[in-house]
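Two complexes are shown next, each including subunit A; its partner changes from subunit B in the first to subunit C in the second.
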Partner chain A sequence: MTFALVRRGLIYALLSLAAFISIFPFYWMVVGATNTSAEIIKGKSSIGSALITNAMAFFSQVDAVRIFWNSGVIAIVGTILTLAVSSLAGYGFEMFRSRIREKLFGFLLLLLSIPFAAMMVPLFVMFSQAKLVNTFTAAILPTVASIFIIFYFRQATKAFPRELRDAAKIDGLKEWQIFLYVYLPVMRSTYAAATIIVFMANWNNYLWPLVVLQTADNKTITLILSGLTAAYTPDYGLILFGTVLATLPTLIIFFLLQRRFVEGMLGAVK
Partner chain B sequence: MNRIASRRGRVLALALAGVSFLSVAAASAGEISVWVWDKAFNGDTMREAGALYTADHPDVTFNVDDTASQDDIRAKLQTQLLAGSTEGLPDIVLIQDDIAQKYLQSFPGAFEPLSDSIDMSLFAQYKVAAATVDGKSYSVPFDSGVTGLFYRSDFLQEAGFTAADLKDITWDRLIEIGKVVKEKTGKPLLDLDLNDTGVIRMMMQSAGEWYFNADGSLHITDNAALKKAIETYAKFYQNDLVKPVSGWAEYTGAFTSGEVAVVPVGVWITATIKANADQSGKWAIAPIPRLDIDGAVNASNQGGSSWFVLSSSDNKEETVDFLKTVWAGNDDFYQDILIKRGAVGSLLSARNGDAFKASDDFFGGAPVWQDFSTWLSQVPSVDYGTFTSEVDAAVQAQMPGIIAGGDIDAALQAINDQAQQQMQ
Partner chain C sequence: MAQAKLHRKEQVTGWVFIAPALVLLGLFMIYPIVWSLWMSFQVGKGMNLSFGGFANIVRLTKDAVFLRALGNTFTFFVFQVPIMIVLALLFAVALNDSTLKFRGFFRTAIFLPCATSLIAYSTVFKSMFAIDGVVNQTLMELHLIASPISWLGDPFWAKVLIIMAITWRWTGYNMIFYLAALQNVDRSIYEAARIDGVPAWARFRYLTIPMLKPVILFTTVISTIGTLQLFDEVYNFSAGTGGPADSTLTLSLYIYNLTFKFMPSFGYSATVSWVIVVLVGILSFLQFMIARDRRTS
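Coming up: the complex of A and B.
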């Protein structure tokens, strides 16, 4: 009895510690957005009164509508295309048997280990020759065929009942119809989880947009935030206010899809 | 079912079409584009220079982009030059002096030589030297990083020291003063970030030395100035005179909130210090201390940057003419940016202007700009070479051991070995 209590107490203590470690930076960010730069440097961790000042400073320095529009278009279009392409590939890898399937898949996984920085220069040459530098197309295209998402969909597809596909075939559906009308609705939890992962990755993407988006009016919010932190006398209140704004879209998407996200991670097929 | 399918298809097609919109065209002719990294400092300064030029040349406009950080600019520039694609590069880019040689030597032909069109003897010579390759200079020097010893005169006075006690001293003497200050006021002498080699570099440069020999090979194990600088740095810690900090915010936070007595730093810190109006009159500036070895002077440099013209520029003629007219020829402009932005330019004749002669009550009524420009003309020229940041990393790796009392010769050997490996 007492052992069980101690055990339970320990678990709660550990979980509380973990929760604190995950939540504190977030708390610090939100509180920082309401304090002045000087207060933040001194380590003030209570709500302050500078929120309006920080907001005004942010909106006067940053063309927020334009920047969030850029980030939004790149993240949303990128997410839709990535899901479309990568889920098709994952479906294909699992459904169709072929002699080179596993070898090809293994090769893809191997590619995951190449850091993006190593591919950046050749990629830039390609986009430069295609006259696509400084366009959203260039920012989006390289992320569309995501090996991780293909892998994720293939794993999830293993739980997809083959009988459903067989039945649909007997009913005379073509492969693309099976994908659209049978597979897609059944796998919606997987899609929801993948949406969060891909949206977040696209929204936060840094290195490639940095190099390929050149003019100030094409930049995304991550690039702008990075620029703000590098000033000789950074205004941390303004920066944290911008960071809070930049976090909101991901947060909203997460809360909207939260229930399905958990199902998706558990690999549930209904 | 087919109807639904075709509708979905249309949505997808629309989405695809949406992605392919082309964006803004490249810079138009007659527009000079510039990449800088700090809105308030180099951004506004360049905008002001542009406005001066546009007033006489209405057909030339300026587009100053200050949305990227210095690291971002380096990443972009490097990727594009490596990729051999100059599309979208600006006409002028700001580059920090200690990295200039790396760009000039790694990408020959990417930058336009300027010494044929602009008289480089007008500028502080150590700045010109930083951007000179094979007798040609590629930059118009911008802000100077000439160093000074900023100090809290109230703390020093409390400990019994006057301005004369700090004039033209050695670093060893500063340590002695620091001990007394610590004893009398309880304040540590200075704040240092172990991941920043700035102080060691400024000590080394005050003796006219750097990490490299003239032929580019490493000058570490036999570098007396570097050894002395590291020894001095370790003494700060061993005498408990340091408030350790990590990162820029803590570093500036410590001295702007009165936690330390002195700050040895480049002149560009002035605006950060003066931002605390309540400390007016409590600060003063002395010449930077020198190393106690032959040839060392009480003048050095930390940071500072210069303007480079890309060879790919469509407006080369206007761009060079602009730099020549404003940056190499307008003394009044330099008075203006000194007053408004706290920017100490590198044009030597500018020091004869009114702003440079004015005294500053914040610093106890001293003619601080005249002092800085005197020191500016004395900064020893050194060759920053192409691998400064690699050696910096090697120095940083040894610092924790050194301040704990480790053997300095062994550390120099380790720095040499690590840097050697990186340079291959």
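Coming up: the complex of A and C.
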């Protein structure tokens, strides 16, 4: 009995420590936004009085409206396109089986293991030949068809009741209508989980935008933050203020869709 | 007749549904991959390339910076992936206990790091791990260290910092996969084992691990790919240099530098990128083999 109690205590201690370590950097980031750079690198972890100074410094160095607009357009347009293209493909692969498409699917899964670095150079050359470097089109297009998300939707579609499709067919619905009016509403949780994954990946994407978005007015918030951090003596007050702003959208999406996210993951792992 | 016609129609519909994805993947993935494979045999500067046969592969073996980057990337992989997978498994098993209080809080807290961008969290870490920063202060107050550690300036500690940072960011992500898989496990097996007096560690080793094997394999492969491509964090911690003294230079960062920083040598950087492909291939194959061996024994 005491042994079980001790073990219980240890588990709580371990989880509390893990939760503390997980949350502390968020606390640090918010508190840091209210301190001066000198205070931050001296380890001051209480709320300070430099919030306004940091905000003014941030908004004077960064064209915030423009930069967040860039990040937002790239992330939102990219997410909508990815969900559309990948869920169509996942539905297509799962609902209409054929030997060729099964082979093709296996081949795509193999491609999943090829790192982005191996495509980066040809992609850059392609987009510069098409004179599309430094455009949102170039930043978005290569991210749209995601093998991982296609795989995810196919897995989740396995749980979609086929009788629903058969019933809709008998009622005279066309295939695209079934997809739009039957499949889509039923798979809400899957879409929610995919939205979290894809939006976060797009909003936070770094390497490809770094390569392809070159002028300051086209950069995303992630690129700007990294640029500010690379300074010889970074002004952490203004950087952490910017980091809070940059992290807010993904945190909000996460908390809004969290319950559906876990449901969606469950559906796909089954 | 009608059946065959219906069947053919279904087949066409199947292709229509996957067509947009196939066109995009063909243009922006398969074509670049084939091109980069071709490029990796080309030598020259900028776009003035000519066929060089195995010249680039020979150059790899003599390139001290490449070997450094390869060693660093491998070090990150060997230490980071196992630590993270084990932690994620432990947390998932602990949180799967329905009698545990504050489960929702713990789960959300441990998953929360995934909501940050790689650049955002590495910036936050950089400020926390400054020489007089909050981490060193805390460690000194706890008498764990006598003098501050130069996390960003010392080649050894810079690597440790990267490993800790990635583990912070991704453990919760992997934990969610395990939690999802654990919820599908039949509880009665555990109950039976518990009643039969099987101790907790044995239930973990002989019930949980085998049942989670497919998910563990999946997350291990995904994490391997991720770690071998490591770029954002090292770029941000070292302001793009891979320093101190190339100690955090990874293969991806080296490819970036070869392509966009130095005189661009597209051919050679493509060769380096195929080293990552080959490594991912070998390591994934090994991981599959290990997973299979355990099943048969």
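In the analysis below, the second predicted complex is superposed on the first by the 262 of 270 C-alpha atoms of A that agree within 3 Å, B and C clash if a C-alpha of one lies under 4 Å from a C-alpha of the other, contacts with A are read in each partner's own complex, and residues count from 1 in each chain.
To be clear about the criterion, a contact is a pair of C-beta atoms (placed from the backbone, for glycine too) under 8 Å apart; a residue touches a chain by one contact, two chains touch by 3 or more.
Every value quoted in this text rests on a predicted model; they were computed, and no experiment measured them.
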{"item": "Clash or fit, subunit B versus subunit C on superposed subunit A", "value": "clash"}
{"item": "Partner chain in contact with A:K219 - subunit B first, subunit C second, else both or neither", "value": "first"}
{"item": "Partner chain(s) touched by A:F124 [first = subunit B, second = subunit C, both, neither]", "value": "both"}
{"item": "Contacts of A:T229 with subunit B and subunit C, given as first, second, both or neither", "value": "both"}
{"item": "Contacts of A:M187 with subunit B and subunit C, given as first, second, both or neither", "value": "neither"}
{"item": "More subunit A residues in contact [subunit B versus subunit C]", "value": "C"}
{"item": "Which superposed partner A:F136 touches (first subunit B, second subunit C, both, neither)", "value": "first"}
{"item": "Partner chain in contact with A:L207 - subunit B first, subunit C second, else both or neither", "value": "both"}
{"item": "First (subunit B), second (subunit C), both or neither touched by A:K42", "value": "both"}
{"item": "Subunit B versus subunit C as contact partner of A:L83, first or second or both or neither", "value": "neither"}
{"item": "Single subunit B stretch clashing with subunit C - from 7-15, 169-177, 187-195 or 367-375", "value": "187-195"}
{"item": "On subunit A, positions contacted by subunit B and by subunit C", "value": "40-42, 84, 120-122, 124-125, 207, 211, 226, 229-230, 234, 236"}
{"item": "Subunit B residues within the subunit A interface of the complex", "value": "1, 5, 8, 12, 15-16, 18-24, 37-41, 65-72, 75-76, 79-80, 82-85, 87-88, 248-250, 252-253, 257, 268, 271-272, 275"}
{"item": "Touching residues on subunit A, where the partner in the complex is subunit B", "value": "40-42, 61, 73, 77, 80-81, 84, 120-122, 124-125, 128, 133-137, 140, 177, 180-181, 207, 210-211, 214-219, 223-224, 226-227, 229-234, 236"}
{"item": "Complex interface listing, subunit A residues touching subunit C", "value": "7, 11, 14-15, 18-19, 21-23, 25-26, 28-29, 32, 40-45, 84-86, 88-89, 91-93, 95-98, 101, 104, 108, 111-126, 141-142, 144-145, 147, 150, 175, 179, 200, 203-204, 206-207, 211, 222, 225-226, 229-230, 234, 236, 239-240, 243, 246-247, 250-251, 254, 258, 262, 265-266, 268-270"}
{"item": "Residues on subunit C engaged by subunit A in the complex (per definition of touch)", "value": "10-11, 13-18, 20-22, 24-25, 28-33, 35-36, 39, 47, 87, 90-91, 94-95, 97, 100, 105-106, 108-110, 112-121, 123-128, 130-138, 168, 172, 176-177, 179-181, 183-184, 200, 215, 221, 225, 228-229, 231-232, 235-236, 239-240, 251-252, 255-256, 259-260, 266, 269-270, 272-274, 276-277, 280-281, 284"}
